[in-house]
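Below are two complexes that have chain A in common, paired first with chain B and then with chain C.
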Partner chain A sequence: MDKKILESKNYSLSYKIDNKKKYYILRNINIEIFKKQKVALIGESGSGKSTFAYSLLNLIPRDEIDFCGEINFYSDKICCKKKFLLNFSDEDELNHIRGNHISIIFQDPFSALNPVFIVGKQVEEMILNHNKKISNDELHLKTKSLLKSVKLQDIDIVYKKFPHQLSGGQLQRICIATSIANIPELLIADEPTTSLDAQLRVEVLDLINSFVKKNYMSLLLITHDLNIVKDYVDYVYILYAGEILEHGHGNVLSKNPLHPYTQLLISAYPDKTKKGKLLPVIEGQMPNLTEKKFFTRCIFFNRCPKKIEKCNSLVPDFYKAGDSFVKCFLYEK
Partner chain B sequence: MNKTLKIGIIIIGLFLLVGIFAKHISPKNPVQQNLLERLQPPSSKHFFGTDELGRDVFSRVINSTMVSLSVGIISVSISVFLGTIVGLVAGYYGKKIDIILMRIVDIVLCFPTFFLILMVIAFLKPNIYNIMIVIGLTSWPGLARYVRAEVLSIREREYVLSAKLAGLGSSKIIFYHILPNVIVPVIINFTLGIGSAILIESALSFLGLGIQPPQPSWGNILASGKDYIHIAWWLSLFPGMAIFITVMGFNLVGEGLRQKFNIKEKKL
Partner chain C sequence: MKNSLLLKFDSVSKSYPVYSSILRRVMSRKLVLEKITFELEEGKVLGVLGASGSGKTTIAKLITKIEEEYSGRIILNNINIKNMTHKELAKNVSMVFQNPYSSLNPKHKIRFVLEERINQYAKLYNNKIDNYEIKEHILELLNYMKLPAEILSCYPHQLSGGQKQRIAILCAIILKPKLLILDEPLSSLDISLQAQILNYLIDIKQKYNLTYIFITHDQDLAEYFCDNIIKINKGVICENN
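Take a look at the complex of A and B:
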């Protein structure tokens, strides 16, 4: 197995609502990403996926959050092994790491590009700020080859277009070009396909996948759609209401989900075998994460169809079942 | 370009031309007195008549144009500069900086602007530069609030996060990524502000605290006209019309820009 590139150890994060109240959005997250590994973080809206990604990059204003635990980033090129990005005080070093060693593709390409600048300049900005010695000609050439590599056509025309003059697919390609401009070691893709139509989704994922492979990057793919990503990733973490409920290899997990939540999640996807049938719905709602009382029992308790008595009073550990790890008493040995 | 904007630009353009070439256009010396021809009604010799000292009102109105326009433009430049910077900084940094700056805005807004200006002028010498500075220093808070509100929404957009990822520092993000996105309301505020600055200058000159005689300004021509309003209506009418048309010109440009960029907010 390759070396680790990122690990979060017992990482918890809460948003401050006011002096007394907190929103405990992430709790005890343990995630490991190895070099060249492609990892997916899957969960429904509000489960904390994007918060996790943004907090990795220190993009959430510090005064709005409280956190504990560790996030370590192990890089060959730079040495920063201690509590990376948490308690990070050196702004210059942070700016150097962000975009250079870790980069992110944002969810919505329409708002990820500044509406008042032509897109070419925005790609150039990313290269220029991390490589100030580059000459203008080189910069121009590099930008064009990047735009070409994300399979955009008529590059000279696209280069001079404003974001509103391009389609969603084109914009997402430009965002991808911006994120991979400096060949980061870890690429985070925050729901890169949400705002795209079905055919484009596969194209964009293929594109990201090919870049990751070609440049030996690691990938953290954040999404709510397990079915679409299972072929692209090696390992999957299922996140629910700020807790990891199950993790395992992508294909194993999609074929043989163990946690009741994962099972429901997968059975809720429409596919050919379910033609003419009603799709199942996960009854109930996510617990209110401002109240600590929900954290003394299984977080999925109120919606779980297979709950047992124990689930209401104790928090389950991770139990190994086959190749996966499940946070559910049903698999306790 | 819409009709409102066109008419506004034509009006301002005309006044600017008149202002720039005032010395060449004006038929008489604006300060030269001729007591034999005092209080003459408008005629082919004196288009706008003459005042109580026999000075040609037409020449005086023309020669005041640049005074009013420059007071308007320079004072609003000061206020737009201040308002934009304060708004950008308060909105972007938030927290304590925001609280402090917004309380300063509240304090400046608390004072009735006109009386604040009167007070300052009472201490300083009432000349054209002081008037520009005072109007500029007292009329920025509205814009600062507006810019701050815009920045609060823009700073959360993903392209700002993306700029952070690109390794840009705060000042670059503020001026390079955020400012261009709030520049339209700033420009509109600029044109609308010029109209009110000209009105303030005229009012100050009318009260004798603005441009000092014998140098003519629309405000002080109006002021001297008020004593003769029953027998010489032209003394008040023409400078009044000049103020009215210029302010309308700037307001039309502001309104036209607002329509053009589809900004629905009420007047700042």
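Take a look at the complex of A and C:
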């Protein structure tokens, strides 16, 4: 088995709303990513996916959050083997890790780029960040080959454009180029395709996938759509209201979902066998995460069609079922 | 019983001019739809399936007369749409766009958005409509789509994605169209929301006797939702079933 590259251990995070209130958005998250592994974090809007990704890179202002537990990054390339990024106070060193060792592709490519610089310069900036000694000619060549590798056409024209002059698909390719410029050990992609036209999504996923493979990188792919990523990833975590509810191998999990929430999620996909029938809908809403009283029972309790008596008063553990792990009393041995 | 024919495309071709950015003039034309022919009966759902850039949205633009230059005939209710005014067309056809986030003006409250729609409606019928009746209709629709009336005093950014998309659909059906064109209406929404919106669409279709054109790239979704599907590849229908 390959070595671990990232692990979060009982990691919890809350946003401070005001003096009295907190929003407990992530609770006891345990996630492991191994070298060369592709992992998906699946969750619906508001489940806390981006919060996890941003906090992992220490991108959320410290005074807005409280956290406990750990997120460790193990690198072969930096001398210190174990890095808990959230405890970093040295901005320079943090910046070096971001982009060079871990990098991120954001949900919205437009806001990820600087609107007042041409995109070519922004890619060069990223390369320079890693290698200050590179000559101008080399820099130019490297930038061009990067832009080519993300399958952009008319590279010389695109190079000189400002972000607002390019389409969503082109921008997302530029973002991918900047995030892989220095071949990071771990690439995080936060909904890299939601802002794109439907068909482009597959192309962009293919592109990310081929880079990760070619350069032996690890990938954390964050999305709400299990269907579209199941063929790309090795392992899947299902996040709901700030908690992992199930994890297992991508194909196993999508074919044979075990947690009532995952089951509902998957049965909501339309296909011809369901023709003429209404699709199942998950009734009700996510609990209000400012109130701790919801954390003393199963977090899916209020919406679960299969709940049993104890679900209302106890919090389930993870139970092993087949090759998956499920946080639900139905799988208690 | 055979339903009556609502829409007919008769050998429709459409090309866009290709400009040279250096010479600033039309260099050539790019054919995006070639001899498209199909029929759509009242009360049915026609799926238009195809990859990005295959010309799906162009079909919608032709029916709504956003693009008016093409060859062939488009017949709606036995009338060639070339002979219909935009006003007449608007009474019959309405559209929901791809992105729920861009179809609502962020500066206006939902109430304003809907009132605008009512005014539009009033103009279509030369103000010979009962405002009261329309307001009732809106409340009924809100209620029906399980949207609370308080939503009227919200701005778009205060609504969830699913609520915004329901408002967009509501806007499109206030005008009681015969034909509703849906261009990838779900692709930016969570799966569980997609299911909800699909259920609404099935329901209101029966209730208001609508006919749909459903544009999508997703084969499973099209097979679930549509009665007939045409597959477009590079501007040509390559499959019709």
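Methods note: the second predicted complex is superposed on the first by the 326 of 333 C-alpha atoms of A that agree within 3 Å, B and C clash if a C-alpha of one lies under 4 Å from a C-alpha of the other, contacts with A are read in each partner's own complex, and residues count from 1 in each chain.
What we mean here is this: a contact is a pair of C-beta atoms (placed from the backbone, for glycine too) under 8 Å apart; a residue touches a chain by one contact, two chains touch by 3 or more.
Computed from a prediction, not measured in an experiment: that's the story for all the values here.
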item	value
Touching partner for A:His96 - first (chain B), second (chain C), both, neither	first
Contacts of A:Glu125 with chain B and chain C, given as first, second, both or neither	first
Partner chain in contact with A:Lys144 - chain B first, chain C second, else both or neither	neither
Partner chain in contact with A:Leu279 - chain B first, chain C second, else both or neither	second
First, second, both or neither for A:Lys36, with chain B first and chain C second	neither
Contacts of A:Leu200 with chain B and chain C, given as first, second, both or neither	second
Chain B versus chain C as contact partner of A:Ala268, first or second or both or neither	second
Chain B versus chain C as contact partner of A:Leu59, first or second or both or neither	first
First (chain B), second (chain C), both or neither touched by A:Ala112	first
Doubly contacted residues of chain A, that is, touched by chain B and again by chain C	none
Partner chain A, residues of chain C touching it in the complex	51-53, 98, 160-161, 184, 187-188, 190-196, 198-199, 202, 216-218, 220-221, 223-225
Residues on chain B engaged by chain A in the complex (per definition of touch)	94-95, 157-159, 161-169, 177, 180-181
Residues of chain A that touch chain C when the two form their complex	44-45, 194-195, 197-200, 224-227, 264-265, 268-272, 274-275, 278-282
Chain B-facing residues of chain A, complex	54, 57, 59, 61, 63, 91, 95-96, 98-100, 103-104, 106-108, 111-117, 122, 125-126, 129-130, 175, 178-179
